[in-house]
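Structure below; questions to follow.
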């Protein structure tokens, strides 16, 4: 069996895949990403956060809102009715930096990998934005699908 | 001098920084990112690309369009009048995968780092979307600011 | 039974509630709001309206279009497929001013209170915008849910 | 001098006013609004807030983001380059409820009243959304322009 | 039987039609349009296209993305979950120019004529944009519904 | 001198043109388009219009709002600060149908042809939407630039 690019037709044009005949099932995707930074930048964010939580809180809200706009950003993504989006952000002293985990869920005809990945990416970008005056050298890495359940193509777990 | 989080007020609330008194200058930012994938996925994209270029072309357009919507996605970014956005995508056999470089330019009161980073991120996500049926294990990494010129805070070059 | 903030998790983070297990039912919400103004401002709007109806017509269209974008504006609102939105605007000499009533309906897993409230709010803001050169002292008040039917939490009628 | 509706032409059609000949000046507008609620709802929000500040923080972010989209929501508003938006939310035991104050600033050809009013409105709506499971009877009121400086039409202060 | 304007109520106000009671069926619409231009402009686009296909590829992507935003652009259109959108662009030496065909499909309560027409229109506008420096006299014509299937009002084929 | 496609680079990629060095001048563009329909459809719209003007009023508002979103729809358009947009709609018994004229103006570095063309197109599409239940055979034609002033490339008048 040859793998194919599902969005590319026989003559090479990019188009939205027809999902009309797919079953409506509950589909969940979890994605993650990291923002690596200098230790003092991490300390600054966490101490700023001690007050009212706004750096992490703002990044979380930005990620959730971006998930809802995934089909506007990614040209061939289907619109869908997300039933849940959540974003968690934890400090990771080993990076040092922050680790973002995003979950998206839908009852629908298409998977939500792109929604979870978009939420994680935009949460990372928002952290960059809010801390960039202190540290322009931050790097966003490891944006990837961690896990996916539901849908015809079966479950997926990174690293298996 | 203590570094500070410019978006966080004395009492901890996140708010847009006042840029009203900043000078209107020409500001340019270059950002990059990579999508690492299996060698056969890269071959698939490049061969699909041989026909009509739609994977890379679609990702480039998605990145450019996303740059224009940065202030809608990143909560505390200022709206600005981008005078130029460009996105380049090159294969990198060493990854293996694709390397995305995005440039944003403005004549205005604020920098365009976030616009370049957003363009690079969304181009990466679009590549993921178009090839994910063939390879769910792709990883987006190295989203970072490469270079920035213009503006009061001075020029910046990664690694210097 | 303790009331809770459904959007706030046990550890305090704001996230979208999971509505995946809710039933798809027909849900309707009616919201209202008022714009109080000087009597001569009201007369001006109503006489301008006598010609082609554009002040009230424009506000009505703005409210309807805003209802469709509620999930983009309110961070933790779920996207949904509105089956009907209508906005009515009536003069109220007692205010004096205009009284806006908005109705939103969906067959779906979540209620449409926010859609009706957003439609009413944006219709009010549009009236303010169109008449502000004549009267900057207008006040928008009484934005509230009038009635809601459908959904697990039961029907609601203001004042009961 | 007869007051007029600046958006309505001689024949009654609604159109965007031509601001091409207006001077570029610094313009600031401050708007406010309130969300009245039961005392226990206020207590619930404030105690929830004690943890990580997410109700008020989320509403503040929603207001700021909405200000940037004012010209998409209000049909005849001009797009503009906001240089600053801030939203403050304070408890008011007398309501009881929350009092929202929004400030918008621009260096441009048009005022920013609508941006400040939109920020205040959407922050109020977001509070309603996050607390509505506990209290559907909340009422948003007193959305009004508090103060405006800059621009040809002169400064304005509510109540003067 | 008198034909009526379904969006206009008995008293003349424009409002969204209630589609809550319509059946969920598979609905498809095909629309087309043309961009007439000078023969040398067509040659220029097609030769530019020989390299990487970007004029036609960009227009195709723009049309697909616009279809997803139809309900944001057309005031009384219902939001819906498109299951497929495709755009094809063929040269037509007789015009001379380009002929655009757009297909939209949904499983839902409302038809997708406007989505197909919007995709065709925005693809045409994008072609105009990309070639306008060479030829400002291009004309977009013949934007029409070619065919529609599904839904209560029955199938439709242009010219029958 | 060879005409070129300004959005296409030497290697064929589509990118936004750099307008950073262009002068800020006042630029105006006027575009038009028509919607041809059966005479009874025109009569229906005009009589519906006699009541509150909502078909034509709604189309006009839709066109104005779309002009402000042109850079979101057309991939390589620059964002700009429109200072004026107006849309006029007149019946044309000869078609029979409606003739739409849209004007866009800016003080900026780029022309506003696409904004005027987009306003005209979306106004036409909105008319189609509102009358389609009575007449699916309507055709949108003659979307073209009528006139353009300002900017380095000089003035343009269709047919000269």
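As written, the chain order gives the labels A, B, C, D, E and F, with residue 1 at the start of each chain.
Just so we're on the same page, a residue touches a chain if its C-beta (ideal position, glycine included) is under 8 Å from a C-beta of that chain, and two chains touch if they have at least 3 such contacts.
Chain identities (UniProt): A, B, C, D, E, F = Cyclic pyranopterin monophosphate synthase.
Everything numeric here is computed off the predicted structure, so don't read it as measured data.
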Where chain B and chain E overlap in contact partners, by chain label: A, F
Chain A to chain F, fewest steps along touching chains: 2
Self-contact between copies chain D and chain F, residue sets same or different by half: different
Farthest-lying chain, centroid of Cα atoms versus that of chain A: F
Per Cα centroids, the chain farthest from chain C: B
Interchain centroid distance [CA atoms averaged], chain A/chain E, Å: 31
Cα-centroid distance, chain A relative to chain B, in whole angstrom: 15
Residues within chain A bordering two or more other chains: 12-14, 52-54, 57-58, 61-62, 65, 69, 72, 75-76, 79-81
Listing of all chain pairs that touch each other, if any do: A-B, A-C, A-D, A-E, B-D, B-E, B-F, C-D, C-E, C-F, D-F, E-F
Chain E to chain B touching residues, read off their complex: 52-54, 57-58, 61-62, 65
Chain C partner contacts - residues on chain E that touch it in the complex: 12-20, 71-72, 75-76, 78-81, 108-109
Parts of chain D lying in touch with chain C, wherever the complex brings them together: 3-8, 11-14, 33, 40-41, 44-45, 48, 51-55, 57-58, 61-62, 65-66, 69, 72-77, 113-114, 117-118, 121-122, 124-126, 128-145, 148, 153, 156, 158
In the complex with chain D, residue positions of chain F that touch it: 26, 53, 57, 60-61, 64-65, 68-69, 79-88, 105-107
